[in-house]
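We just call them A, B, C and D in the order they show up, numbering each chain from 1.
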Amino acid sequence: MDYSKQIQDIAAKLFTDGKIDVFVGYRMNGFDDNQVPAVITDPKEVSTLVFTEKSVFNLSNYLKADHTRNKRVGLVVKGCDSRSLNLLLTESQVKRDKLYIIGIACEGVVDDKGQKVQNCMECIIPDAVVYDEILGTPKGKKDYIVNADIKALAEKGLVERREYFEEIFENCIRCNACRNSCPLCYCTKCCIDQETATIYNGSNTSSSAFHALMTWSLHLAGRCVDCRNCEKACPSHLPLHLLHKQNEKVIFGNFQNHLAGVEEGDRGAFYKYSLKDPDDFIM
Amino acid sequence: MEAEVKDKIVSIEKPELVAPPDWKPVIMGILCNWCSYAGSDLTGTSRMQYPPNIRIIRVPCSSRVDPWFIIKALQTTADGVLISGCHPGDCHYISGNYYARRRFLVTKELLKMVGFHEHRVQYSWVSAAEGAKFAQVVKKVTEDVVKLGPLHLYKKENFSK
Amino acid sequence: MARVGVFVCFCGANIADFVDVPTVVEEAKKIREVKFAIDYKYMCSDPGQQMIRDAIVQHRLTSIVVAACSPRMHEKTFRKALSDAGMNPYLLEVANIREHSSWVHQKDKKAATEKAGDLVRMAVAKSIANEQLHEISVPVTKRALVIGGGIAGIQAALDIADARIPVTLVERSPSIGGRMAQLDETFPTLDCSQCILTPKMVDVASHPYIELIPYSEVIELNGYVGNYKAKIRKKASYVNFKTCTGCGACWQKCPVKVPNEYNCGIDTRKAIYTPFPQAVPNKPVIDAEHCTMLLKGKCGICAKVCEKGSIDYKMVDEVIEREIGAVVVATGYDLWDATPYEEYGVGRYKDIINSLEFERMVSANGPTGGVPVRPSDGKVPKTVVFIKCVGSRDKAKGIEFCSKICCMYTAKHAILLHHKVHDSRAYIFYMDIRAAGKGYEEFVNRAQVETGAVYLRGRVSKIYQKGDKLMVRGEDGQLGQEVEVEADLVVLATAVIPYKENPALARLLGISYDKYGYLSEAHPKLRPVETAKAGIFLAGCTQAPKDIPDTVAQASACAAKVCGLFAGDTMKKDPMISTVNNEFCSGCQNCVQVCPYQAIVTEEIPLGHGAKEMRTVAKINEGVCQGCGSCVAICRSMAITLAGFTDPQIINEIVAI
Amino acid sequence: MSFSTFVTDKAGLQKLYEAIISKYETYAPVEKFGKYDYKKVSSLKECDPDSPIAMTMSVKPLFFPRSSKIMKYEANSAGTSIRETDQDPLAGQRVILGVKHCDARGLQVLEAVNKWDYIDSDFLKRRANTVILSNRCDKADTHCFCTSLDYDVENLDAPDVAIVNGTNGKIYVQARTEKGETFLKENSSEPMANRITNDELQMTNCEEDLTKQYEAFLSSFRLKMDYKDVNERMAKRFDSPAFEEASRNCVSCNTCAFICPTCHCFKISDEKIKDTGVRYKSYDSCNNVYFTLEAGGHNPRPAKYRRWRQRSMHKFVYYKERFGVNLCVGCGHCAISCPVNISIFEVVNHVASAPIES
């Protein structure tokens, strides 16, 4: 999966035609074979753009930043990235006519060790769902796989699960990097940061971390696209995907196979309902 | 909830913790104004008896219940939470309880995953006519929570027991 | 700092017997914000309320907690007491220590007292976060829109207009009158439908407060109660109504023949037509689907014969706008298509007709001059079989509900048949006879006795042709045996179903409808004419099958509701509604999606102070919002608050125990 | 004053660690989810004092906790009363194993600000009661640049005891402060028999051994900065557009500040439930949009580059001007934890070498 040349050509053409002000892609990080995002405003820098299976970060996150706001942006998106982009479009955070989207029919990205990452192995929609042009051969939708970690945890006992998650909340340092690196956390002021006496949770205790992470994951329930930007950003290496994948599993299983950001105009599972939704858990 | 039973109550999530002898569970009941709150009033007017552990909060509609309230209640005062609204199709506000139902399921499953017993958070549909059902629901929730023992997980500073 | 007053009620013995009230008062006094706490025998009594009023002044209280019965009981009473003392009534909180404590924990006084203390603590905590709220007054546009010009619409329009409130009446077809205009004589008095309806139709046309817009449809409704904006599309009639005298020269000369809807297609009308002779307005329209001039550009006869030059083939649809304050929906009903009843041979045998077709035939101005005839050969039938509940009360093939009017009109048809064809005999297959209504039972008896109609309790299993007769095989449940009737004509009392475009109309108006397509009332018993959307009312068969008296009663009820709504220049509204904090709103518009009342719209505000760039935020229309809080719970950035149930209030309650 | 050096080997060092753990309240890096954080340990098995620098969180939270209670209060009908907070759990006598040199330097740098203006007695007490055993790395990590800055890594006196690996499996345990000297003397039982004075160091080939090892360490650095006039150059480039260019990739995730061994910005928050409340002092980050948001709604640093400018100028200019030391210790943690690998090294280098606009 190497589309570096194509992306360079497209970006160069977009700049020449005056169609974009900024291009967001990937470039080499300069010290090993990993890549970092590249936010390019100068057409000369186009030659640094690359795209391989090391292009990990979800770039739609950059659409909420200063230098892309209200600008015309060219953007590279993989399957999962395009789903978060789709949600940003639906939730009116970006305007479609200001974007030029290069979709990728993604074959999965790899981690530092060259291993295919878990979310790509379990990926259901590898092809970009929204794009102006698509690179690679679309492979179509795959079957839903319940996350392996969730499956393993669900089989464990209550006490064991509690112990495991207690470690997670204990080790959270409340830096909010997970939230800030999430492309879908664009709120003008996050609820966790709002200061009302008695409900403010600025402290770093495991109870605050529990509160913040639970609230966060419930706000992303039915919207999370499993790009795992949060995990990449977490300085404590917490397995944050567990919270999201658990919600995704419940939502997919119970709400008509709902997957976030796949369909245009779909706002997420909590913003619609069906009369057929399960009712048996209610007395 | 006789004393001799209570001595043996341990927290289901943290078996190493035993409930103090004077422990009484607190159940936070969040009821919608039009059906369940009216139903609970009917329980009162019909003089049906139920355990005194529930503390009732009135909200206009079950869709007003942010999952955040559940988390907050579990983190502070409550050992269990009961949320009750109108039966599907009966919502005073047309569709509120349908949205709420989705959130409730996801919240419940998520809490289950991170180590809360599923009986800590329970839901019911109680209509304004179902005074007897409300009494039954409260009885069941209270009994369930007594069995689970005190809740110790992620309690906020002033409530850590 | 908050200064809370707590008033604990004994409620005679109701509370005091099972809750130790003085202990509750002592508990309340321990709370930091509580500056005054007292108990009294009956808080809701005048002296009790006086205590509250006095304490407010004396102790400079900033909020009040009354621990008594359910807030659903006396919240209004105590709010008024606060108001009288010059305090904002919404600074009141009620702790429900009767229904939620004393009455349900009668065996354990200690626990009940403890719980009552907690409930007071919760109410105090909530009251601290209470804010002053003011009733919202919404200006009202005093004009009503009535959709549908049948008897329901006519009655509603006349009643409203008689109260000197302008009404816009929109009718889809060229003339008002609706289904009732198609009827011959009406049960149970057998007075002529036309005779009682036509004067009302004329009244509508001539009423100074009624604006009649025929041949048009409502295509858009925006706004909220008291302040709706409706867009109405006037279909092109190709006839200038202003100059047309209704002389009839045009339709007499028109060469194009089209099946006549008014007569259920039994005869024909012209391409330029008035639906029936008594039409109001009595002006012809051109049926664009059949007029050869409009289709092919050839003909033009009507324009030639029109002395006034009223024909205008270039006329186009016109959209007009009206500002209105309330809507009455009276779209009426259709008849169910009985094709699924294959065993009856519906569609195969010409001599099976539905009751409306029969009604037209026996009607004096009908296609057959008031005599029923067999469609197959034009002969007058001697034996007529009426089958009731065709489609109604039939979950398998038709519709589950009872169409309500068929029992009565079938009895009427039996009588009318007897009047028109004296030597005829009617056989009526029925499931039950539902004749609940003033004079109804007598009417059915009259049909049986006077006309000799044979009532057979049972279902028809098969109809087949034998020669030129139809053999109707059915069961006589009372004799418990099979019967076969040799019929000249079979009349099916098919089910009454809602107007087919009801769902589309409901979506357009933002109201709900049931699985059959009937529009839903706000409450099946106590609010049968209102819809869940304030300011929209239902009249007639658009809500459920009804006979004429019920329809007229409901239409008048709608009129009363509309007049009540318009009684003042502004409407008062509960202030417990949602508001958006622009600073926090990120403009995701998910709230717009979940609002059941379409109360949320968007607006553009500057990105920052003085900035030129704009951003989108949500805006709640206070006239429409009903205060359910759906939007509050789904707003991730907590930009929306619901007055009276704000996050701080509820969190305060949660942590207060 | 000269301090002692002990020569031992891996086994000897292990024994020393075990002795310390059994005797003192000891903190050491403990692995969880692939990251090492300093936790209280009761046996050497739980922890790894040789944890890789890239995977180890800073030791700062043991002195400046991520969240600390600064006040408790109670408000009831009798009025509001301030209550004593719980006993400071970090104030006791304790030993920290496996600290990195840069991290220890971070504490030393932080002392300056904690002694200035408002004297943070909590911080100083915690530091005074703590003995830090620091490991000098053998090899630099990808993002390390400690040797490029204004302190001498080899002769650093920030840790109380420095542990340096020599060649041939020799390990040198050096006291660097008086506290360290006393501590080592008290614990120089059997495993620490091999004590060498500074004079002896020269005589044996130990010093040569150390020099050799240090040179190898020096040569392993990927990042090298010409530090000499960086402070000055940065100061002149306050208005440089280079900040904008350098900060473009930033996603404002705040991680850098939370894991930085020298960042010390904090926020105050109250958590009040029922009648009692706790006032917390918790970390904050200048990369946070709300960091400078004023109550009136004005935000002096709404743009990302302004926040980055503040961050790099504070580290390399303001702190140096005020206290004479650099606020960056070159540990590279920010770049390691950054989801998009922004290194303060690159930012500063980029800005310092940018042309000054006229």
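The criterion applied here is as follows: a residue touches a chain if its C-beta (ideal position, glycine included) is under 8 Å from a C-beta of that chain, and two chains touch if they have at least 3 such contacts.
The model shown is predicted, which means the values in this text are computed figures rather than measured ones.
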item: Pair with more cross-chain C-beta pairs in contact, given B-D and A-D; value: A-D
item: Centre-to-centre distance between subunit C and subunit A (centres being mean Cα positions), rounded to whole Å; value: 46
item: Subunit A and subunit D: spacing of chain centres that average the CA atoms, whole Å; value: 32
item: Euclidean distance of C-alpha centroids - subunit C vs subunit D, Å; value: 72
item: Numbers and ranges of subunit B residues touching at least 2 other chains; value: 72, 76, 95, 99, 103, 156-157
item: Sites on subunit C at which at least two other chains make contact; value: 583, 594, 634, 647, 651, 655-657
item: Sites on subunit A at which at least two other chains make contact; value: 189, 191, 198-199, 205, 270-271
item: Topology of the chain contact graph, where touching chains are joined (line, ring, star, complete, other); value: complete
item: Interfacial residue positions of subunit A with respect to subunit B in the complex; value: 150, 153-154, 158-159, 161-166, 169, 191, 199, 205-207, 210-211, 214-215, 217-218, 221-222, 242-243, 246-247, 250-251, 254-255, 269-271, 273-275, 277-279, 281-283
item: Touching residues (chain side subunit D, partner subunit C) in the complex; value: 75-80, 273-275, 297-298, 302
item: List of subunit D residues in touch with subunit A within their complex; value: 32-35, 37, 57, 65-67, 142, 222, 244, 248-249, 251-255, 257-259, 267, 269-273, 277-278, 280, 282-283, 285, 288, 290, 303-305, 337, 339-341
item: Sites on subunit B touched by subunit D in the complex; value: 76, 156-159
item: Complex contact set, residues of subunit C against subunit D; value: 29-32, 34, 583, 608-609, 655-657
